[in-house]
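Chain lettering (A, B, C, D, E and F) follows the sequence in which the chains are written, and residue indices restart at 1 in each chain.
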């Protein structure tokens, strides 16, 4: 059954290798359900984890900013699982209540003005055409 | 016609007052098309501007982070005008090319895993239920 | 080529029959591009037209209200063609500028609070569970 | 914890003032969860309520039409909380079963034809370009 | 109450006729909740069923491919009911676990690159303009 | 400028290596704009191409079916670039006009019933809960 969860003890060596890397990278002894569900497809599990590991590592943007952007997208898409999991991740990385509240305010307003711009059929200003 | 643009010279005093506040707040002598289109409805113009002014001011999150969140939402929603305008705003507030590229990478990945979580019907982990 | 447009003079009898019914129902001598593109697939053309004809006819809701709901959905989905065409249709059915502006204000606000409700993970009140 | 709910008895004076205005405006003695969740951020609570109060008041569009537009957007966005709450609000303002059914039929059809227009890459008719 | 479910024994003759056709077409003795909810509006029930019956019948695309496309759309839209029901339908029509996993991988990737294309404001290549 | 396009002659060795692999894999001498825009970020270029190469290769699903799923998602998301490019790719892989038309019909219908299921707040049938 696809949405059964594959626990560490039942996992194949290639899945365990990904689980091990997730736990080592995140300094935790715990794997969340997203990965346990994806583990039915070890190829996608490995590719997705390695992409996320690369993308979410601190770079020009710090890890917390990236996590808040993840929350912003998940909220816009109404993805219940992703909102729950990435909100917790963002808090674990230092998002305060005040930061969360401002994040929500921006996400809400952007979703509003995205529709005002579309509904009023606003043409892009020459100055915004960067090419 | 709704999507004509109301220029400063043709604007009513209440619209001009909003335009003046936009230019003063943003330290510019220029009004972009979004506001000129919205100016047909001075009540919505004023409310939207005052909300944005309040929300986008630096607080627990700095102005650049807020602008990048705006871009993340606009990209997720495929709003052409908003992507163009807020990308320029973010650059004006200090977003480097490297920051833009990481922003896009996170937005893309979040949109991908939002669907993997939905398609695999992943249940929310108990640890993510904060109540 | 799929997105070429099939003009009346080039249309098959079954496509012409739909075009004739569109023009008769709408009391116009004009067919808009949507139907001319869909005419490549006469089965979908006919089914879609007959569904729309049935759905958009005045009933418990009047034709203008239905057209404004169409605009609300199209704006939420960022469908440029649909926003342009249904805004004109709504105006032709009596939507004033003031009505359009209030429509946009509601659509914008709903898109905002949809995300606040999701982001704050608000549980549905018992009173809202109607079953 | 963010998604705990702030009850009237536990609310600060500024939150209570908003709750009082909600109950007075809606002629009810009851506050729904959306506001109790938002109350963690009194600034957003107040701004959102005042915007909604302004936008949803009868004007060029009556209150019921506005509520049905809210439902149309919420259904398009798959926002479970918003669908539940605004469907009840619309019923309380006079939406009959027949009206609800026609609303759903229009929302469904608009979501369908939005994709047909996009997929067939239909160009906007000159007549629909209002500028 | 709208979201009560209308069982066969309680259904009007016109609703029963649709239920009978659903069961005959699908070679089952069972009606799923979607139709029982829609049965409050017999006109929409009949139109929706007849559209689906026509659209989902094998043609240039086989029934399983169509069902997987249905899942792809439902996952993109985060429609929980539709993901659950059409995933089961696809399995009943022969979707293996490997096919499901590849389907999810494509849906995820498409959702990611849709945003990269939008965020980078990529212009459509001349070769992709088919008209 | 981000949305300038990086041509082969101007590309760094690592970007050229990806371009070469794209052309070899697709048996073409041509690179489309998406990759030329993404080439500003060689890390994302390489990761995205390698993911797509892996995901879109024939497996349990053939290459054409995968391409049509890509179109289905892009149409649902209203991504103009992606609709244009993947529709051409699907045609190049053998999608006939009849297949395209059926694809569009399914995508349209799925987008419609996704909203009917949400709006009627249909509960998931026990039989659809696979766990």
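The rule is simple: a residue touches a chain if its C-beta (ideal position, glycine included) is under 8 Å from a C-beta of that chain, and two chains touch if they have at least 3 such contacts.
The model shown is predicted, which means the values in this text are computed figures rather than measured ones.
Q: Among all the other chains, which ones are in touch with both chain B and chain C?
A: Neighbours common to chain B and chain C are A, D, E, F.
Q: Going by average Cα coordinates, which chain is farthest removed from chain D?
A: Of all the other chains, the one whose centre lies farthest from chain D is F.
Q: When the C-alpha atoms of chain E and chain F are each averaged to a single point, how far apart are the two points in Å?
A: One centre to the other, that is 20 Å.
Q: Hey, how far is the Cα centre of chain A from the one of chain E, in Å?
A: 27
Q: With chain centres taken as the means of their Cα atoms, state the distance from chain D to chain F in Å.
A: The answer is 34 Å.
Q: If you look at chain D, which of its residues touch at least two other chains?
A: Correct list: 2-3, 43-44, 48, 51, 76-80, 84, 87, 101, 103-105, 107-109, 111-114, 116, 118, 120-121, 130.
Q: So in the complex, the part of chain A that touches chain B is made up of which residues?
A: Touching chain B from chain A are residues 2-3, 30, 32-34, 37-38, 44, 48, 51-52, 55-56, 59-61, 65-66, 68-70, 72-74, 76-77, 79-82, 84-88, 96, 98-99, 101-103, 105-107, 109-114, 116-118, 120-125, 127-130.
Q: Can you check the complex and tell me which residues of chain B touch chain E?
A: Where chain B meets chain E, its residues are 71, 75-76, 78, 80, 83-84, 87, 103-104, 107-109, 111-116, 118-121.
Q: Would you tell me which residues of chain A are touching chain D in their complex?
A: So the residues of chain A touching chain D come out as 78, 87, 97, 100-101, 104-105, 108, 121.
Q: Which bits of chain B are touching chain D when the two form their complex?
A: Touching chain D from chain B are residues 1-4, 43, 47, 51, 54, 130-131.
Q: Could you list, by residue number, the parts of chain D that touch chain A in their complex?
A: Its residues touching chain A are 2, 40-41, 43-44, 48, 77-79, 130.
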